[in-house]
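Two complexes, one shared chain (chain A), two partners (chain B, chain C).
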Partner chain A sequence: MADIYTLGIDVGSTTSKCVILKNGSEIIASALIPAGTGTSGPGRALATALEQAGLSNEQLTAVTATGYGRNTYEGADFLVSELSAHALGAAALMPGVRTVIDIGGQDAKVLHINVDGKLESFLMNDKCAAGTGRFLEVMARVLEKDVTELAEMDAEATGTVNISSTCTVFAESEVISQLAKNVNLNDLVAGIHASVAVRTAGLTRRLGVTPPVGMTGGVARNAGVVRALEKELNTSITVSPLAQLAGAYGAALYGWNKRKENE
Partner chain B sequence: MTEMTEKKPAKIVLRDLQDKIAQDAWDAKQRGEKVGWCASNFPQEITTAMGIPVVYPENMGAAVGAKGGGQRMCEYAEGMGYSNDLCSYSRINFAYTDLKHCEELEIPFPDFLLCCNNICNCMIKWYENLALELDIPLLLIDIPHLDAKTCDEDRVAYIRAQFDDCIRQLEEITGKKMDYDRLQEVMSISQRSSQAWLRAVGYMSAEPSPFSGFDIFNNMAVACVGRGTVEAAEAFEQLADEYEALVKEGQSTFKGEEKYRILFEGIACWSNLKFTYKTLQSRGINLTASVYGPAFSFLYSNLDELMAAYSYVPNSMCFESELKLRVDDAIRNKVDGAVFHMNRSCKHWSGNLYEMERQFREQTGVPTIVFDGDQSDPRCFSEAQYETRVDALTEIMEERKKEAAK
Partner chain C sequence: MNEVKQMLAELEAVCADPKKQLSDALTQGKKCIGVLPYFCPEELAYAAGMQPFGLWGAEMQVNDSKRYYPAFICSLLHTVLEMGLKGMLNDLSGIMVPICCDSLKGFGANWQYGVGTVPVIDVAWAQNRRLDAGTEFTRAQFRKVLGQLEEIAGHSISDADITAAISVYNKNRAALRDFSAAAARHPEAVSPSARCAAIKAGYFMDRAKHTEALQTLTTKLNALPEASWDGLRVVTTGILADSPALLQILEDNHIAIADDQIAQESVFFRVDTPVTDDPVLGMAKRFETIEGCSVLFDPGKQRGNELVELAKAAHADGILWVMTKFCDPEEYDYVPVKRKIDAAGIPLLTVEVDQQMVNYEQARSAVEAFAEMLRA
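Here is the complex of A and B:
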């Protein structure tokens, strides 16, 4: 029997991610382009993944789009919300996980997954960008650092500088005023991470913390935030190396499942 | 030829009646009669029985929002110095009070104000401000928050004393006398209206529901402003009869198949009404439960019970009673999910919404979503965020239906 390839594309607000699955289980290609909906990002992610897999568009059995830009993405056979996509992806990446915390570019969400790996309920952040990836990007810029450097700085921290504002703009001012006081930069980063953790933990508690807890989304790559969240929720958190691809992976699985249903 | 005339559908009758009530107030103002601005849950029995015309700034705020003027009016009020944290109905009203003009809708200016805080306690400050700005009397009926399950004798006596005093003051202000036989008559008519409204919205429990649930947001306007009139009672009876006939035929005014049924919690996003409705309707989701069903049904058989009835309104009840109202409604009307509107205008509603959502979800077991919005300020609403939440809710409801069918 010929191999079946399904592609999931997660068109996010700040990044575009692609995963190609072979026969619904093996990831044969993935791409992550730091440009989101309305940019060249989705097209580049698709081209990169296809090239990596050595496939052409025509060889894909199903293309499923998810994420903020799913409705405007042309060429999708199926659309699925990022909530369902992340649930599917997280359940496959971290088998048995029951609570998933996903922090993306402009939103944070908490998912409950049932024992069958299906989305049971969820909560998302309100309109405010505090506690999301964008918040961390803004803070990194103020510190003249790249967002990827924050985790290492946090690991070197010996204390935590309290950041009390939940508003991104106000928190930015607060960080600037702390810089003016010459506080330790690592401690300041730990404080920024703690403020994200407190906010996300509140959202998580509202839905309920059912262990095991896992984390997906770009912010899951920041070990400082993960540590702060573990402390705040008093539970360990599993992170997959493919955390940022969970949505695209889930979308590719969705396409595979749909194809099976239609058989 | 009369027999040949086609009877107007109830929704048209209700819309015409709403227009007539508004026109009556303008005509009264023109004749030199005293006209009031009135809170939506003020005991309308008083003004209806005394023949005193009143108009409702809250309804104006909703209509201005629906017609696209919400942002402009809110921004004008903010320019006057009012905080954007204030209720958008109040901001629209403050802007109108200053501009004395609003292209979407105008209401006659008041000679007095009637406030009742059972809908919103912050409203007292709104009306106090108006009284100061316009230099007119403010009459307040203070309904204590019902922190118990029932309204006891002391509360009834407290409200009754204010009710009687309000009549006395209105007699002085308007020169019109209360006819207590007429009051009894208005109370009877109001009961007819409330019963008919309850019967009409009760048909939402049918599968499919005979009507598109968002119609409630339009029809409730008359339930609010005109339920003491015979015309309103007859229109609601006609509405209920129409729904009954649709149920018997298995028909519905909802466009498309009713795949899923939801509870919609909170005031509509008037400025984004079409988008919020279409996003649900296009996915086969019909609103079959809303607190607006029971909210405008004031049931009583005498004056003391009338006082108690005005305590049993959703925003005046204790949290447990409010929650029960929603849970019972959701179970009775067989919902598959629930949509909670985090209405940034309403301090009462947004203040307990997260906990309401949590306990509702735990008690009913149905999936829920919460979205940010506002009753008449479109700046608080994001189409993409709403759509994503509705998509995910639809996927969960679809999955559960599939599981249940196995």
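Here is the complex of A and C:
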């Protein structure tokens, strides 16, 4: 029997991610391009993943698009909301998790999934950059750092500088005033992460915290945020190395499931 | 089916251009009274031969109103004030302003200072509305409103006039209930947008004419053959659910509105005014019986119980809470009411809306995910 390849593409606000699955289980290629909807990102992510897998477009049985830019992505056989995609992806990457916290480039979501990975309920953040990847990017820019450096800086922190505001614009002013006071930069980063954690924990508690808790999305790669969130929620949080690909992975699984349904 | 479509399109046209209704009423020599939500005794204006004109905000950007209100006030009040400040409501002979939430408390003063030309009629009612003293207070306040309306109308308003107006409104409420039930039976013919428009049009039309239109429409709907519906059914709750973009998203996801607990919709028409010797007392008594709105004193949060019962009776797949951004009473209600919904095991989706929103992609994602969840 010939192998079946399904591709999931997560067209996010700031990044594009692709995952190619072989026979609904094995990830044979993945790509992450730091350019999201309306850019060359989705096309580049697709090309990268296909090249890595040694496949052509025609060899893909199902292409499923998810994420903020899913509706404008051409070439998809199926569309699925990023919430359903993350639920599927998270359940496959972190079997057993019941609460999934997903923080992406411009929004945050909390999902409850059942033991089978089925989405049971969810909440999204309000229309605000606070507590999202965008918030961290803005703060990193103020600190003249790359956003990928924040986790290491947090690990070196000996204290936490309090960032009281949950508004990105006001928090930026607060960070600047703390810089003027010459505070320890690592402690300041820990404060920034704590601020994200407080906001995300509020959203999570609003839906309810059912352990085990897992985290997906780009911000899950920042161990400082994960630690701060664990402290805030008083629970451990599982993070998969493929956390940022959970949406694309879930979309690829969705395509596989759809294909099976149609058989 | 074509006749139904045509009639719904006519009511949608009314909602798309309320200013035309206002102009038409003025051309007929009627004075018009602006009516802000919630629960203003608009029957009294009708009894005076004036046309009540609903003010439920508008989808527009606000600038001038920000001089009077901070940004974190609901867009409903921001946009009504903006229209007033821009002179768009200068043809009104008065505006009824209830004092039932923190933001509305300051509205009359802001209006008087900023708009000036259109007089404010403050409407107070008793929050302890089920005490005898509460009913008497509301009755007395409505009588006070009556006096102001008489001054604007330039003539007295008899109890017989009020009784006749109450009858017109009760018939309208009955027609709205019948239409809502028929629309729920025929989701293939009445989209969420069309349902909303058919109900909302009554705020801009003569109520008697609205009743006639609804009765004809309902008769046509009831004559349609039973049709199967493989989409989803939800019950909506909140203050407003008239955002064209959100209603279109529901339609795109094959979601019908089976019933509602929306202040602008069924909360207005669920209960009638009882017939009493003093018709104003009847209006105060009606106010005692209204349920399901966050601005009303509601010990034990009966709103949650009513909502659960509505969802069960409608065989709804879930509940959609259309949360008006920056509405404190709605936010306060959310936790206790959600607990009751959760306890009943009914899926709930909350979508925040704002009349100044231009991007609905987050709402689209949430509705799509909710639909996927319900269908899974």
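Assorted remarks:
Here is the rule we use: the second predicted complex is superposed on the first by the 263 of 263 C-alpha atoms of A that agree within 3 Å, B and C clash if a C-alpha of one lies under 4 Å from a C-alpha of the other, contacts with A are read in each partner's own complex, and residues count from 1 in each chain.
The criterion applied here is as follows: a residue touches a chain if its C-beta (ideal position, glycine included) is under 8 Å from a C-beta of that chain, and two chains touch if they have at least 3 such contacts.
Every value quoted in this text rests on a predicted model; they were computed, and no experiment measured them.
After superposition onto chain A, partners chain B and chain C are found to clash with each other. Contacts of A:Leu119 after superposition on the shared chain: both chain B and chain C are touched. By the touch criterion defined above, A:Ser177 lies against neither chain B nor chain C after alignment on the C-alpha atoms of chain A. Within the superposed three-chain model, A:Ser40 lies out of touch with both chain B and chain C [touch as defined at top].
Contacts of A:Ser84 after superposition: both chain B and chain C are touched. Once chain A of one complex is fitted onto chain A of the other, the partner contacts of A:Tyr68 extend to both chain B and chain C. Of the residues of chain A, those at positions 68, 71, 80-84, 107, 118-124, 126-127 touch chain B in one of the two structures and chain C in the other. Every residue of chain C that touches chain A in the complex is listed here, in rising order: 325, 347-348, 350, 352, 357, 359, 361-362, 364-366, 368-369, 372-373, 376. Per the touch definition, chain B reaches chain A in the complex via residues 342, 354, 358, 361, 367-370, 372, 380, 382, 384-385, 387-389, 391-392, 395-396, 399. Chain A makes touch with chain B in their complex at residues 68, 71, 79-84, 107, 118-124, 126-127, 206.
Partner chain C is touched in their complex by these residues of chain A: 68, 71, 80-84, 107, 118-124, 126-127.
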